[in-house]
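The structure that follows is given in the form of structure tokens.
Chain IDs A, B and C follow the sequence of writing; residue 1 opens each chain.
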Amino acid sequence: MKIREIAEFLDAELVGDASVEIIGVASVASASTGEIAFLEKNIGQVASRADCLIVPADFDGETPIPLIKTANPKLAFARVAAILHPQKRKQSGIDASAVIAETAAIGSGVFVDAFVSVGNDSAIGSGTYLLAGTKIGDGVMIGKNCFLHPNVVIQDGCLIGNDVILHSGAVVGADGFGYVRDAQKYVKFPQIGVVVIEDDVEIGANSCIDRGSLGETRIGKGTKIDNLVQIAHNVQIGERVIIAAQTGISGSTVVEDDCVIGGQVGMGDHALVKSGAIIGSQAGVLPGKIVRPGVWWGTPVQPLSEYKRQNAHVKSLQRLKDDVIEIKKLMKK
Amino acid sequence: MKIREIAEFLDAELVGDASVEIIGVASVASASTGEIAFLEKNIGQVASRADCLIVPADFDGETPIPLIKTANPKLAFARVAAILHPQKRKQSGIDASAVIAETAAIGSGVFVDAFVSVGNDSAIGSGTYLLAGTKIGDGVMIGKNCFLHPNVVIQDGCLIGNDVILHSGAVVGADGFGYVRDAQKYVKFPQIGVVVIEDDVEIGANSCIDRGSLGETRIGKGTKIDNLVQIAHNVQIGERVIIAAQTGISGSTVVEDDCVIGGQVGMGDHALVKSGAIIGSQAGVLPGKIVRPGVWWGTPVQPLSEYKRQNAHVKSLQRLKDDVIEIKKLMKK
Amino acid sequence: MKIREIAEFLDAELVGDASVEIIGVASVASASTGEIAFLEKNIGQVASRADCLIVPADFDGETPIPLIKTANPKLAFARVAAILHPQKRKQSGIDASAVIAETAAIGSGVFVDAFVSVGNDSAIGSGTYLLAGTKIGDGVMIGKNCFLHPNVVIQDGCLIGNDVILHSGAVVGADGFGYVRDAQKYVKFPQIGVVVIEDDVEIGANSCIDRGSLGETRIGKGTKIDNLVQIAHNVQIGERVIIAAQTGISGSTVVEDDCVIGGQVGMGDHALVKSGAIIGSQAGVLPGKIVRPGVWWGTPVQPLSEYKRQNAHVKSLQRLKDDVIEIKKLMKK
């Protein structure tokens, strides 16, 4: 892809030699011949061996490197990378070792790798990849152009949209965690719902999305979930939500559209996180809590400004204590 | 199952038409024809399209829906659900793709799915299900009527009781995390013990139960463990313990019977959690700590009442600080 | 192995009958005939049915049990255990069910278990074990004498050194978690780097090591990582680092040599943990933070002494408040 073509694809201003061929992306520091890199901010001078740089519109550094100027260089870079480094495609077909139920429907252009199993009455949409060791239960519907990495498990009855990426070891549709205490033991509460994953969702390695107990657990369109995340039964995650690694969300909690949840956050059950809320890492949301738009941190979560003020108070406790001791001394005189 | 049969099975009072056929359970909101739902509390009026409701004994709402009155409706509902929605059974037998050691003993009525492997001298009890991709090591004993979901791993020498449910990706018997620091490097401490899982235990998806280093790690009868939980070497978990998702318990810690442990709790090594203790989510138990019966929260854990009082103090620090400033002003006059 | 041979191997002082045959290791409490145990400290009297005890050089208890005296009994015990309980070896060879690409190179003495797949242009070093269900992508290099437990996943292009142990369900080389927000959705940032795992590393069950986005994620020589740990894209972990269970380290963070990181610790991105730092469990390191050598705890992390002092202040807030109330009363008089 020549620099000219890249600039056209991005609909961006080009400065310098447009004829150079670009074959890959790299960071500014590591890029070399044939590679394109990006600068997020106008840092003036830049030293790089890249053959092209995507820079902010206000970039004013002097460099012999051909430049593509655009409002959001990181976004432009990601879009170029998607073209220069497409998901590796394998020849479609079903590996001889795979075990596919007779009643399963496999679409056109599907790639089924070694040791994949697909259960009864399941359907795999066209262009979807099931990598080695993926296990698909009965009655599972998977859309088009999905990519299931090795050893993903999708359990009975779960529904996966189009363009979904599931990373290795992710488990979709395990039973929720619900019991009723009897005199002598815990009796399992029914876990007979499903998981619905909408289009364009990505779920990280070894993350778990439990099925609804009596209804569905739902992950909204375009939501991105990192590794080792726990989503409990009947949780409803909206669209374009970001959830970082090792966060856990308890039963029936709702996270609305466009929230950003840090890593290792814990949420109790039946909480409601309103659209646009941002929750810092390791925060704790109490059961039933309503978290309004804004930035939140701490356990239990507070608005970030309050959390910071409170932290400052705690840090200055020695001084406060000293003041009180001094006052007491003065009063004794 | 007719409503009359359900009431008889529950040994509960029946109000209304006992002849309707019930084929499934659902929530009050979503239930429709042929379904039974439950109300946990007497909320007076109820709107539902269920064909039968299980309600508390003191329920006094007026409704045309047939009612079953009982002391614990949720428990009754769970018991009915277990009958109406039994674990899906497959025809017993061994999938052609499975690799079973010649010296392994497979009981009657066992279902062995695709890509299951069973090692030397292992035994699988009658009625047990090994779903796709489950890996059983050497010398493993698994009891009767267990249900191992896809991609579960049981490593050499571990012992699993009867009626145990292991969810996808759970790993039983990985090495514990123990090393001795030499001058130049860490030397692995022996991890040659086993894991013993007693009857009626359920373990969540992608949870890890490490083998004992020189003895055993034990999970007591009727204990329920959620997803992504870490149980370290030589931990002893009692009977009927509840452990929510993403909790981690360090080496040799003991959790006695009937404890309830929230999610994302961390416990140091050699701690002792006494029978009946309840520990809130994200709490931290220091190594060697003894946690007595009662409700605990925070890091390091404190009795809930102390934790709350302390939190209230922290929240009112601004006022305390203002008071001290005011006092200092007055004293200067 | 006779006691004399053990003492010679350890180059340690021997007291008592050197001719007894030792066949295994055990704890002091559980050891019996033919077994050797160890005491970490000189506790005076000792009751054990072991046939030999490894004790500190200053041990002065009276016992008929033959003793081996050494400066570091636990280390000596670990070294003896490694000889008496070697990793179980299986006959090398490739299980008939394995799917190995024609272009893959399998070294001598390699054991490939059932349902293992190895992709194109990958190489497995001599003496390495790939246990059941392990999935090796394309272009993966694995060194000598590694041990990959069941259902490990190594994705395309990752590099594994010699003597590496990967526990069940560990995922090496999943995509990092990086997106750029467009007006309507999140666009995936390229995740085209690799993971490099150096010699003598051990990684716990269900842990995740993400590939670099535009470079590499690296785990240094001799580092030991526990279960359910998350290592994000482009993280650099030094040599001989210990990371306990459920810790998560965000993108591009650097942990230098010889650090010890507790369990459930969270680190933001682009942090730097300097060589020799010790971070307590559940601590939180803010993005970009530099953590100097010493012991740290809390969120955000503070030196342990400060954290403790601060905790003590918070615990005594009731008294401080009472003092202020008392002062106010006195001043009103």
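Here is the rule we go by: a residue touches a chain if its C-beta (ideal position, glycine included) is under 8 Å from a C-beta of that chain, and two chains touch if they have at least 3 such contacts.
Everything numeric in this text was worked out from a predicted model, so none of it was measured.
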| item | value |
| --- | --- |
| For subunit C, the least number of touch steps when starting out from subunit B | 1 |
| Proportion of interface numbers common to subunit A and subunit B (over half same, under half different) | different |
| Gap in Å, rounded to a whole number, between the CA centres of subunit B and subunit A | 26 |
| Junction residues of subunit B, two or more chains touched | 97, 115, 133, 151, 169, 206, 228, 246, 264, 282, 314, 317, 320, 324, 327 |
| List of subunit C residues in touch with subunit B within their complex | 25-27, 30, 72, 74-75, 77-79, 81-82, 85, 88, 95, 97, 113-115, 131-133, 149-151, 165, 167-169, 200, 202, 204-206, 222, 224, 226-228, 240, 242, 244-246, 263-264, 281-282, 314-315, 317-318, 320-321, 324, 327-328, 331 |
| Interface residues, subunit A side, partner subunit B - complex | 97, 99, 115, 117, 133, 135, 137-138, 151, 153, 155-156, 169, 171, 174-175, 177, 179-182, 185-190, 192, 206, 208, 210, 214-215, 228, 230, 232, 246, 248, 250, 264, 266, 268, 282, 284, 299, 309-310, 313-314, 316-317, 320, 323-324, 327, 330 |
